[in-house]
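Okay, so here's the structure we're looking at.
Letters A, B, C and D mark the chains in the order given here, with residues in each chain numbered from 1 onward.
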């Protein structure tokens, strides 16, 4: 079997999740290429060395440009904040490296357009690229997509999607790079709203065509974090402005005529990571909540009314997407498994010489929806999303 | 339409529920006989007069024997504590009155046998009798019974039933007549265990044939109630013994080969009135909880594993038992509706000249199961229930 | 005790629910005035006579104007379609009758304004009026309101409300008066959207100040009903246009700064009567679903993270609103109990000489929100709701 | 850091789970010893080599006795069927190897006693042993244990535990070694009943002191499997006897006075891996279901009745056992994480020179409970479990 040399940039939350995926994929799945965890890249030499040791990477780099020059790196996995995605990903593609880029694809539509152009150019040379909308790889979500594609849902009427967190509901929660527009591009909208835009388009197979939305920053100023410390930094005495949205809500239209309602917030007290998606179609309905991520609820309107009801499908059967590689029925998968499935699919696409999904173009389209929501909030007008 | 004169004995919790049933039945159901709330009977003249006014009864009696002599009473509804059931019900049947008797049928098997003999004798003269296992009339339970009877469940393997309450989990909750063996006959076993014995036999269409059980009185002594005050009396300084069981558990066999597990307790902290019944059959499974009484959960093993799952059936469709008489789908029924359905069925049986179910014989069989559990707990042996 | 003579106009779905309320209220609650079910009014003499017999009314009228002249009618209960509310209610108030008017208050803002003016004029003479937003009287909703009023929720950030039904999701479901703009005024928006507008304003104690919304009629033409038959008419061969909305979605602002997301639809396949409301505040969150109407879910952010979690409050304790009058804990109430609680509150207000809530002014404000949603959908602009 | 050389015997379901644990533990946890996946052992040379490659082991052995002689093996992890546990584990301990032994500890009490004696002898020389009751390491279960140990539950009154599967509910499901008494020792009782015996004793901190139980083999004969193929073999034409129980139910007493009800079955149609445990105490209650393994439900009886209710604790907070090493709140863990936590705890104990729990003595006690259930079923008598 041929090996696939991986170079990963970033080793915080996402870096840890991606490392576990690269390590675990060959242990459970039959892969056409064997991923080698060759190089971990980060700016702080000491920290990146410690991380490489902990996460299982052979070597390290402190300059991502050097990473791109290495022969033992066939694929660059970009897990940095969004403001550096475009520069790194474009350079990597130009250097002939396959690229897996964390979402959101970029902080601006212009960047995402440039990245998509670079991905298209690279694809012509057999270089593959993918954006990391990992929740697509949750088995229950894959099943939802399959039921729609199989025609089980009929004409879709309603799409209802929420991504609810509460980690800054406390006004004294400190600032982090995720609350800084320079780094993060946007707040709840780009960080978590991006996921439900992608997921609903993925499941329905339709595009969002227009939106009317509203962004809100409930808490305008917060204590600065005493030191960089991820999601849970300690507060210092100094305060600084929050420059991104705390919450985003929008109504929308889908290309097939469905009406959509979206909500992304970090202020939903008590909801930790609730990605809730409901689809109502003429023939049946689906309901999903990531806080019960192994379940899909399915209502079939064609059933006898005597016994019709939402079915609680425990998506842990061998027939469900990805599940056969893991444990017997009823043995749950967790958050990190989506990342493993993501690299499994990416490796398969590379080996088969096919473009993986979601592509950078898919990421760009999500970006355009997010931009339209921002524009709509600013102009108080409906905004169309260019095809 | 002919009228049916009702005489009700007792006006506490059960009396209020039965009154609402007699009043409401003709407002929602097409009945062959119109129930007239003619006489309410209780020992305290002042209290029974006030109750009759509040509950909607035309006249009162303070002596139940007089009630039996009245021509405007065609049916006697017995809502007294269990120690008086046998005497009253037998006298009423002998006086040619139809009888609805609250459960448990009696405090002893001997009493229940005498009552059943009286009921059989009366039936020969067209006098009907019924024991008030009202939970049979919850639509979701009726649906469960229908699914079993329709063969949808296959061979029944497991029956799992719990009746969980917590109203005396606090050791300082005061004594009431329900904790006094003289009045109540038994504790959790007879009061609430009787319901799950009846319900599981009703749903499965099978009989419990043998049991191994255990009774427990966790709190042996309690404050006496300052005054008679139903379930929530105030405690006095004086203390007295608890002479009934606080909890009863037993394992059992059903006539069709299923294995049963039962639990009835007033010490399940946090469970207020949780009647939970699960049936696992070779073809499908059912699950019910009275704390969500409008729901029946149903799993069909013949479904494609891709979409198999427990269905949450909201038993509020017109096709569900009793529901067509009430509200549109999704508009829930409550506790008291079971009592209304009970009198609807009883009136229909009387009009049609048929014996209603559950009969006194059914009540006797439940009593025998309860007695076998008590014997088993005392002897630490399995006990068979005579056919 | 003084009596309160009731005259009810309409005897379909709402008429049956109101009748049960007037009948049951004095059986469970201590009332300062005793409601007498004196007159039922409907245009078809034969039908109204049969209905009066079934529902328990003493006499009938076929002309509502005659009803207003009767001395034995102190209160007029208006259960007709929305197009006649204004005329009847105003005339009744002018005739010195208290009025209970079903929601939505009227089919237009202008009508609702006239009704409110009439109500104000009548109030000056001690005549009371109330609009029938009965879901306010569900105990779990009353508890939600109380928790907000007690300051337990903190600053409200998010309001999320859906009213989901599916009774016309089938494109071949026949036309009814509810799909006819002339009769019904609007579709899902006015029929069920009105409830979630009222409920969220009631629970939060805040007003919706602006909206951006979208109405949709998915199925533009349907078979005409073979005969008037409520929600479930049989289809005829002839077809006619649907002139109201099938679904309405809107985003909004509340007076206290919260962001709201609303959805009302009759196309949510599998959802029968799902009124789902979530409130996220700085201190805690609430969640409610009418398909489990006895439950309120409550998350308190001040709790130790080790044991913090949404509490499933079974709102059947004596301390919960209205519950003390009914059954012991864990014995569920149903849909119709809200109507009973409504007349209990109305009778109390009349006896105390106070204006009951929700007032016609409250109904007018809801009407203005609905009109703003319609305007917003037509103009594709945000619309402010006048104070 | 010192290394800890691991030798694993067996590479089927359990072998794969243990391999993932040994690989992942050092990636997420700070460990005092670094586990090296040195040797995988299995009888079939070709198969074990392929498995070692897939699961990440450096070398292989085909004879477990040779494994015990290797210097690069400090710890032997026994994942074979139960009939070989005693021989291998005792030999390993005598060879000075630490031992992790899958549950149930042995197929007979006598074997388990010998193993416990060997473990005690080894412990005196600093050799550690642990039995693999991995569900103890689920964070929600760890939290349940902590709440009991902190005194939050009060006096325990009721223990209710079910382990429900359905993988042989179909009478035509083929035979496997798990249905063969020679290999497996017992059926549902030993395979899954063992888990709920251990878990309830672990959570409560109490011992089961006596039992009355019943074993049942619903399907006495099945098709033989066409080839060894784990849980899902293909059926051949030949049939053979089922020599173990399909289901086991028993009632019991705990050392602190609680009443227990247990049920283990492979015939609970629709339940895939439902480990359901409920504890009712005088001060609060707990409820857990492995099909929602990240949740613990907790009811605190000391709360104001207005807002008391079962709390849905999502056990993914940093304060919950093991969780801090993984992902942010709301990002679920799965089945395999329990195995990782198990080796983390075992490595810590070895490094600290302490005996880990659950010990072989704990495993023996579970075995005695299982034996008492078998005896009880055979003798139809209550059986005491020797202290």
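Note that contacts are C-beta pairs under 8 Å (C-beta built on N, C-alpha and C of every residue); 3 or more make two chains touch, one makes a residue touch a chain.
This is a predicted model, so every value here is computed, not measured.
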B-C compared against A-B, more contacting pairs: B-C
Chain at maximum distance from subunit C, centres defined as averaged CA atoms: D
Averaged-CA centre spacing for the pair subunit D and subunit B, given as whole angstrom: 41
Approximate Å spacing (C-alpha centroids) for the pair subunit A, subunit B: 54
Centroid distance [mean C-alpha coordinates] between subunit C and subunit B, Å: 35
Junction residues of subunit C, two or more chains touched: 271, 308-310, 314, 318
Contact set on subunit A toward subunit B in their complex: 143, 146-147, 297-298, 300, 305-314, 317-320
Interfacial residue positions of subunit C with respect to subunit B in the complex: 13, 16-17, 19-20, 23-24, 26-28, 54-56, 165, 167, 231-232, 271-274, 290-293, 314, 316, 318, 327-337
Footprint of subunit C on subunit A - complex, ascending: 157-158, 160, 162, 164, 166, 169-171, 212-214, 216, 218, 247, 249-251, 253, 257, 259, 261, 263, 265, 267-271, 280-285, 299, 301, 308-310, 380-382
